[in-house]
Each structure stands twice: as C-alpha cells, then as structure tokens.
Amino acid sequence: MPKQNLISFGSDNHSGVHPQILDAMFSANNKYAASYETDEDSTKLKKWIQQNWGATDSHLVFNGTAANVLAISTALRSHQAVLCSDISHLNVDECGAPEKLLGCKLIPIPHRDGKIPLSEISQFLIRRGDQHASQIKMISITQPTELGTVYTLEELQQLRELCDREKLFLHIDGARLANACVHLQCDFKDILKFADVASVGGTKNGLLFGELVVIMTASLNQDFKFIRKQAMQLPSKTQFMARAFLAYLQTQLWRDIAIHQSLLTKDMAQKIKELVPVNYPVESNAVFCCLPKDIVKALREEFFFYVWNEHTFECRLMTSFCTTQEEIDLFVTKLKTLLSRGKI
Amino acid sequence: MPKQNLISFGSDNHSGVHPQILDAMFSANNKYAASYETDEDSTKLKKWIQQNWGATDSHLVFNGTAANVLAISTALRSHQAVLCSDISHLNVDECGAPEKLLGCKLIPIPHRDGKIPLSEISQFLIRRGDQHASQIKMISITQPTELGTVYTLEELQQLRELCDREKLFLHIDGARLANACVHLQCDFKDILKFADVASVGGTKNGLLFGELVVIMTASLNQDFKFIRKQAMQLPSKTQFMARAFLAYLQTQLWRDIAIHQSLLTKDMAQKIKELVPVNYPVESNAVFCCLPKDIVKALREEFFFYVWNEHTFECRLMTSFCTTQEEIDLFVTKLKTLLSRGKI
Amino acid sequence: MPKQNLISFGSDNHSGVHPQILDAMFSANNKYAASYETDEDSTKLKKWIQQNWGATDSHLVFNGTAANVLAISTALRSHQAVLCSDISHLNVDECGAPEKLLGCKLIPIPHRDGKIPLSEISQFLIRRGDQHASQIKMISITQPTELGTVYTLEELQQLRELCDREKLFLHIDGARLANACVHLQCDFKDILKFADVASVGGTKNGLLFGELVVIMTASLNQDFKFIRKQAMQLPSKTQFMARAFLAYLQTQLWRDIAIHQSLLTKDMAQKIKELVPVNYPVESNAVFCCLPKDIVKALREEFFFYVWNEHTFECRLMTSFCTTQEEIDLFVTKLKTLLSRGKI
Amino acid sequence: MPKQNLISFGSDNHSGVHPQILDAMFSANNKYAASYETDEDSTKLKKWIQQNWGATDSHLVFNGTAANVLAISTALRSHQAVLCSDISHLNVDECGAPEKLLGCKLIPIPHRDGKIPLSEISQFLIRRGDQHASQIKMISITQPTELGTVYTLEELQQLRELCDREKLFLHIDGARLANACVHLQCDFKDILKFADVASVGGTKNGLLFGELVVIMTASLNQDFKFIRKQAMQLPSKTQFMARAFLAYLQTQLWRDIAIHQSLLTKDMAQKIKELVPVNYPVESNAVFCCLPKDIVKALREEFFFYVWNEHTFECRLMTSFCTTQEEIDLFVTKLKTLLSRGKI
C-alpha cells in the first residue's frame, strides 16, 4: 500500500474528489431530502440518462463490484454462466462476489491484449441444453479493458451480432467508460447501445463514490430496487450521489477529465517506450511495462504503483484527474536515472 | 416519499451531512491516498476504536444493512439462526438480506415496547442439536430499538449472562447507538462491552454514509476483509469515511447531536401527549402516536413523516441533528389546529 | 432415536419399503437404462401425471426438503417471501434450507390446529412495493398439516381465490397427500388443481426414496432440470424411482395404504381419548396427546414415538403402511396400565 | 440419450444395481428402523470406515454432486477458492452447484491427460492475502480422472506435500475410487490417507444410489449433519444405503467389480487401438478415441455412448459391473466393419 502523499500512479481511485464534483455534491446540503433514490436529484439523473443514453432505467449503487454483480443479476439465473476474459475484473478482482451473490459460474476465456478474442467465442458455446453444464447466457466485457485497451465500435458491433445470433446478453463493465469514449471519439450512448446492461463508473473518475447500473434492454428492468436492497446496495442520502453524477455527466466534465488522462498517459507511454518496452496499445489511462525488481523497489520510494504480475514484474502506471505533467516527468526522469545506473 | 424541502420528521437520514463532519471529510481532499481502508485515516480510526472502546477491530462498510449482515457473518454459519425481535430492522427492513447473504434463518420473538422480553427467550431455545432445526446461535438486539426505547445497562447485563450461559453470541444493531448512550448517560464502550459484535451507525447521525462493524470478541475477527469484499462492501476512498467518523467520535460531536435530538424529541412528545396518547416510552429520537387518517393526510401537506402501521395509522416522528425547536412547534401547532377542527 | 426393532409410531419413514413397490422397482433391474430422468419409465411417469392430474410437468427429486425448496424456486426470486404456518415443516424442519438455497424469507403466521387461518392472511399482506420489505409472493400450506388436520376443499377454494385476488402463488406441501385424499374422499388431482406447484411425497408413503415436484401452472415450468441439477437433486438411476411411483400411483396402492392408516389411526385415537385428551381433529395418520413425562419414558421402552413439544410433553403417534392393529392394541394397553398405575 | 435396452457404454450408471447389493439392501426390509442415519446399519458403516480407512467420520448423501460440494463445504468459506482441473467433473459437470451452494470460486488449471500438472500448481498460488482475490485454499483432484487416468501414489504423495507446504486442503473426488485402487493394486485407505476430505462413490459402482463424504482430517468434521440437512441431502431410510455400502465394501465386492471392469476395458482398448488411436492411458474403466461423425451415428444405432467433444468427435466408452466380453466384441466388430466400409 502507498505511503501517504507519495505521488500515486497506483489507481485512479487514489485521487480524491474532483473539486467541481465536490461543489455540486454539497450544494444541496440544506435541510431535508427524501432518501433511497426517491429524492428530486436522483429522479433528475434517471431522466437525464434515459433521454441522453436511450436507457430504460439506471440505478445507483455504492461500488463497482456491486454494479457488475447487480447488472448481471438482472439477466441471469444461477444455473447460467457468464463468459468473460480470464483477466477481467469480474473474474479476478471481485473476490468471488459474482459466485457468492448470483450463484453463477464465470467461464474465463484467454484474453488477447485484454480483450475477448471474438473468433474464439464460439468454441466456448458448447453443451447448450445439457443439464449438467452451466449454460452460458451472457458475455461480459470490460471497456476499456483491464490492460487499457479499447474495443473498437466495429468489434462491439460484431459482439452484439454474435449475442443476438446466439441469444446471449451483453454486459459492459464501464468502470472507466469515459476513457473509452475519448479514445473512440464518441459519447457514452454510442457504446452503451450495444449492451443489454452496463456498469458505468463514478469512483474511478473523480467522484467520491457511486456507480450506475444502466439498463438498456427493457425486459431486464424488473424488481431492481428489491434486488439492490437485498444485496445491501441501497444508498441512503442519494441526493449527493445523484448531484455528483449530474455534475460529471451533464457538463461534459467526464470528457475533460478523460482527455486530460489520455494526453498525459500517451506522453508517459511515449517517454517510457524510449527506456523499456510498453506492453499493450495505450488507449486509455494505463501504461504497462516490465521493470527490474530492484528498480521497482527504488521507484516505489517516491511513487506508488502496482506490480501487476508477481512473476514477470509487469507494472501498471495509471493516471487520474489530478495527475500532472510534472509528476510524470519526475517519474520518467527517476526511471531513466535508475535504469542508466543499472547499466553501468 | 416526501416532497422536497418539506420539514421532515421522516427519518434522521432525511437530513444531509453535519457541517463539522463535512469539513472534516474534505479537509483531506488533497492529492493521493491509499484506498480500500489502507489509508492513514482508516488506520487511525481503527486504533482509536480499539483504544477507546476495547474493540478487537472495526471495519468500514457502506450502509446499515451491510453492517448488520456482515456483523452476523463473523459468527454464524448458514445452518444457525438469529433470535431477534419480530419488528427488528434486521427482520423486517432488510428485504431479506440476511437470508440471502448468510443463508441463515431469523427467528422472530414478539417484542414488548420494541425490546426482546428477556424472560421469554428460553422458550425459543429448543431443539438444540436436532439436525432438522436451524440452531439458534445469536441474539440480535437493536439499541435503541425501532420503537425508540432503550435497553437499560441492567437488561444488557442480563442478556450477556444469558448468552454466556447458553453459548450464544450477542449482536447489537447500533444504527443510532449515540442516542442510547445519551439516554443511559454512558459512553459507546459501556454498551459495546456486552456485545460480541456490533453495528455502529454513521448515516443516521449526520454522516454522508458509512457504518462500522465493531468486533468485540477476538475470535470473530477472521478474514473480515475478504468477506466484506465478496459481499460488495469494500469502500474505495476510505479516507473520507474515516475522517467523518473521527470527527463524529473523537470530538464528542456524537454526544452533542444526540443531546440535541433528545431534548427536542422529549419536548415534542410532551406537547403531543397533551393532544393524543404517545405509544412508547420516549428514550431516543422518535415519538410514536396514532392519528386519524385525514389528519395524517393534512399534516403531510407540510411535514413529512412515516405511517408506521398501515392498519392503525400509528405514525413515527423522528428528529435529526438539524431539527429545530421552531419546526417542532410548527408541527404541534398544526396538529392541535387539525385535531380541534376535527372535534367541532 | 428408536432402538432397532422397537414398534415405531415415530414416523411413517421408520417403515421400510412396501413389498409391491419393491417388486416394481426391481422388476427393471436388467441391463441398461438411460439415466437422469431420460429413461422410459420416467417418461411414462411424467405422462401419467400430466394426463391424470392435469399437471404441466413433474420432476423427480430425492427428498421432501428438496421437493419443497425446488417447488418454491420455480416461482420466487430471492427478495420475495413465502407465507407459511409457524409450525410448517418448511419453517421449522428444513434446517433453513429455503433460506440457504433460495435466499427467500419465510414469514410465519400462527397456526390454528396446524392450518393457516384464512381470515388472518390479509393482515400479513402489508408493505407491498416497499423496497425495504421482503415481498410476499407465495402461500405455502401443508396438506395434511403437521398436526394431522386436513384443509377442506372449500378452504382450498377460498385460499385459491385469495391467491388469485392478491396475485400470489399457492404451494402445497403434500408429503402425505394420499392421506388427505382419503380423508376428503377425493383424488390427488382434486387437491392439486388449487395449487400452482406442489410437492408430492413418496418416502413417507412406502417408497424407498423420491418425491415429486408437480407443476400445475405452466409458466412455472422453466429450466427446472438445470435448477434441480445445480441444487444437487438430479437422481441418476431414475428408472427405479419412476417405477416405484408408477406402482404407487397407477394401481391405487396409494389409496389402500392411506385407508389402512386412516382406519388404524382413528381406532388408536378413539382408544386414547378414553384415557387422555387427543389434541387435534384426527384426519390423517397422526394422533397427538400430552402424556406425563414418566409415562413417556416407560412407554418408550417398548415403542418409539416423538415428543413433539419439549415443554408440554405433547407426543405424536403416527401410523404407516405396516402398522398393525395388534401394535396399536399393545400400545393402548400399555398406556392404560401405566396411567392406572400412576393413579394409585 | 440412449434408446432403452441398447447396449450401453455410456456410463457406469446406465447399469442397474448389482444383485449382491440388491440382496443386501432389502435383507433389512422388515419393520421399523430409525431414519436419518441414526439406524444400526448406518452406525455400523461409519465404524467400519473409521476402522478400515482411518477416517474421522463418514456421511451418507444422495449423489456425487452433493458429495463433492459438501466435502468442500467442510473446509472452505465462500471467499476461498478451489483449484481443480479445467475438465474436472466439479468444474464442468455440476451445473455450477459449487458456486451456488458454497459461493466459492473454482479456478481451473489446464489438465494433462486429465490430471492437474503438479509442476504448474505454484504459478496459480498468487495474490495470497489480497482482499480482491478469491483465496485458493483447496486442491481438488479426481481419482481416477475424468479421462480414465490414475494419479500414482507418488504423485499423491507430492500433492500432499505441496498442500502441507502451502497450507491447502486436498479433496479427492473418488466417484470411481475402486477403479483407481485396482489399477494401483492398493486399498481405499492407501489413497484416502493423502486427502483431507474425499467423496467416495456408490452410484457408479453398482449401488442404486448413495455416496460417502469421508472426512480424514478431524478438524473438518464439524456440524456436518446440519450442513447436509440444510443442503437437502439428508436421506431418510438410511439403513438401505448403509447395507448397500457394507455389502460393497466389506466383502471386497468393490474389488471384484473393478477388476472385471479393468480386464474388459483393457481388452476393449487393445482391440480399438488396432483400428483407431486411443487417446489416453487406459487405467480405469474408460476408453477415449476420436471417430468419424458418420461412424458415430451408425454405431449409436446399436450401442449407446457419449460424444465427449462436440468439435473433435472424441467418444467415451465406459464399462460397468454388468458389461460382458460379448458386448465388447460386438462393439469392436461393428466398429471394424464400419471403418473398413468407410475406407473402400
């Protein structure tokens, strides 16, 4: 875990709350509001999403794990399975929450640069109707992926067609969806239209907390409020969460933040590439590269970041709304120094 | 649901965030902090609670449902049961979260003024060792109860002795524990010492969100971090939650708020009693009374509050940190007017 | 637990397998059969039930707990609740299986002679649409009840009408349904027609093992084979189970057994009434009466039976397909002797 | 699914009940016995297993899915994970029962001839202590494997040592454990001693139904009876199951059956090898080979067997206690004819 006040490239949730969002949240802190998503701001948010994204409905939950699990719960029964990439957050970073809450099986498919290889999906669609086998009923993708790559709109179109053909639901884990939008030069709605249900993140994008379960296919919007409550995910003072999302979405702050990240991340990747190989296409706000163990150790005296792979010492460097050019230059300079020292 | 900006006696979570807590939360919004309860503030909070309450450990979660369910999960396996009052929040207001998450049975015992009648517990402790029956292994009480009454320290002592004798765990749902402390003129630790595990609330006491699972019995403090994560209750930017709790607990703000509520609630009860009967001893921040249906309707044009019983039109009136004397007087005056009109 | 070979009035599952059923089961033990309910006998059984009971479908499972839980699973999601009598097998004798497997809440309603009092149901149908409360969506009754009483066809009709009016499903736990049929002088179908889904028992009626989930409402017959498999209830060599049920149902052996039980149970009740009060109307194969503790102890030297209530020493005496008149007379004589001795 | 009375090489559960087991089961069908594993025969079975296998305890359940899931439940909490082969029955043939019942994640490791490659296990033991990741706490192997291969005693020893070193539990799925014993020329106890908990099969070895959860590590033997009941796996008339197992185990009938299978399977494999390649070492009672699609179709007019792989048309041929030399010769002759026809 990072020392306090180290410069952190650890995760975009190591930054606090974006000032504009903070202001918006607490502009409403005057006396009484209805709770549990029945307040005026929550209603306003729901309507905005319906109108701007073509969604059937949207629902606030506390965190990304919950958004993913509850999004899946709208479509699947426990004997059904989700096909997802072997390194998806859903599969490896939820401590088994989908299995626990849904009773569903996750079927991992080996990724290629973080993405599910479309041409390999069909070989997983076996034993359909066989009562001994969990029945794949959903594909879940992360956009951008855990490795910072982004499915193109064409790939999304092909996935949608495959889902339609095979009668599968498509879930998009969009914890950092804004970053994908900026890469694809499109709006949330241009990606969401391919999904049946999606998780759209706030926490990793400058909010204090809160994620959205966005329902695109009307038949999936049943009894969500009960499911959420029973899953312990009904927030109380929702006016604050709703105001935060409205500030983030309505003013296009989301785009400003994601562009800021994109520029800095590409710059960082460019500079690192001159020193060590960068492992995947840099399409959102993360750079992956393998570094020598002792250099990792030395770097972590001044900067925090995660070692992504215990075996290869692949590291992840991630930017947030508050990362600065200066911080990146400091990091690259330090890395350069350490590497050159190592060579002598 | 309340109209916006109506004066609300609906619940203490209809108020926003206490200004002192708000200031404390965002005093830390400067650059990077570790996430997931590994930040300095969370560590500080844990230590404070260990030192001041004699707790083994404490853990942040998002809301009260989660605090209750995860507190129970530290002690029970799914074939075991919780004995709780028939009107406990756990039993009737969690939409079945304990059953879903824990697979446990809740065994309701008819309440007396909101409390579990101690003398009747033993008759529920039957079929022990019988493989066909869920085995009662925990008693869960709410302090103060859902009807605003408070278990005395003597009653807590007797409950503890019964639990020891019968090898049961004791859980205290303390969503509004501060109010009980003020009534009993004691500290949190004086109540918590009777429990094996407790839920201590923030959301209903002026925080934005966040509750504590406080573990008093060391053997129950196993693998909590995994259980919490799998239950989708691991918050991300915990420094904000931790600072809020520190501000609430360390400065005795909790006591100031609860005293404020106590004084206003007693005043309100006193004035209502002159008009209609008040149903239970007023020992925390709620007043219950039955009102004629048309008067309820008229009152709710100006004030929000809940009809607690669909059949008897028993209403609950609850004060919060931001309730004012003026608001209470407005309510009582209106009620008086409506009742006198009704009589003519 | 009973000593071996004591005469047992403990339960109808203390008897072995009825000879006619045994013969039928193993008439098929010659070489190969498809497994997992895809064999010819299982298909024959399904068809017979569809044709004779007007059922949509029926499914074999191992035991009564599973029949009840899986029957409920066809209709309910985890945030919904089942209204059942407080002493129903479902509520007190499944060790929390419904909570564990379904995540649903059971809401107990105080029984009257074992039955749910129809006039009191409506007061439990509260908070509909309130996201904080488990939503009652099913009524489950036991026919005959755990106390040996039987709902009349009129009562069933009224229950059905209430369910239709309130949009609830009706489940019948028919672990001993044959006994109810004989009491009501009707066929299985005359009772099942009121249900949406039912459990029909084999184990307690002379079979080795096996129960049926009978689906009366077509919309509930979805994906059952997967649900059953995932619930670990898919039997392998189903031809034996199917032949047993065919022998039991097709030849009206069920009626012969239930008539045998009815005659003996009424005789037993009559004779016991001359000695001690019998507690409930005797309408199936059980007699309940309170006996002095020391007499219970002495009786259990020669006969096995259960003490139903640890506090009142209410005992349950149950007959099975192999109970004889001689065994009953031995019991009554012994009881008479012990009671008269006690008086001196 | 097979046509009735086709010769079946489909599975060893396509055969009925071994005559000696049948006789033993129903030798006890005279009057009363205690139910729910409290009868004399069940006690006798438990004792025999404790004495002969060095087990702490053993418990009867209905089927193999339940034996596996409940065996695991003795050791794991829901945030922990099981490492198993990607083609293990546990992973692909239980329709997600482990996920549903336990809430655990299964982590699949690519098999080599059906076995978990020991040298590759350590690379899966990552992220230990990381709250975001399911924590591997158990390795589950199938013995013999789903491909008919058998772990040697040396391999088992190495696995045990690895488990001890890494503080993992070892589960053995022994649905056909007798076949492994005969291959290794050893007794059940010589394999079971390496396990913490095991599933030992009856259904696939000539019993009507029933499997054993055998607990080798004493600390895992807690509250099993409640867990089993809540999991809907408590059988009623256990004297029949217990007698079947006693007949199977005590008289060494298990060895006779497994030797019979071994001889026939090796003969079959030898004869098939002359026609088409056999895919894996033949070490128990299954032969795998790829056959042309149209030959599969023609063969299945007279014999039933499963196509194991929809893509490659790999077929599984399995012998049971009642397979005869004649049946094998008929099959091989037919295959030979079809293949030679194809060549012309």
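For reference, chains read A, B, C and D in written order, and residue numbers begin at 1 within each chain.
Here is the rule we use: a contact is a pair of C-beta atoms (placed from the backbone, for glycine too) under 8 Å apart; a residue touches a chain by one contact, two chains touch by 3 or more.
Owing to the predicted nature of the structure, the values given are computational and were not obtained by experimental measurement.
In terms of C-beta pairs in contact, A-D outnumbers the other of A-D and B-D. Note: Cα superposition of chain A onto chain B, rotation of 180 degrees, nearest 5. Each chain's centre was taken as the mean of its CA atoms, and the one lying most distant from chain B is D. If you average the Cα atoms of chain C and of chain D, the two centres end up 34 Å apart. Computed centre separation for the pair chain A/chain D is 41 angstrom, with centres defined by C-alpha atoms. A separation of 51 Å divides the Cα centre of chain B from that of chain D.
Under the contact definition stated at the top, the residues of chain D that touch 2 or more other chains are 78-79, 94-96, 100-101, 103, 131-132, 134, 226, 229-230, 234. Listed in rising order, the residues of chain C touching chain D in the complex are 1-2, 4-8, 10-11, 13-17, 19, 22, 26, 28-35, 38-40, 62-63, 65-66, 69, 94-97, 100-101, 203, 208-209, 226, 229-237, 239-240, 304, 322.
Contacts from chain D toward chain B in the complex involve residues 36, 77-80, 103, 131-132, 134-135, 223, 225-230, 234.
Contact residues on chain D toward chain A in their complex (touch as defined above): 78-79, 81, 92-96, 99-101, 103-106, 108, 123, 126-127, 131-134, 310-311.
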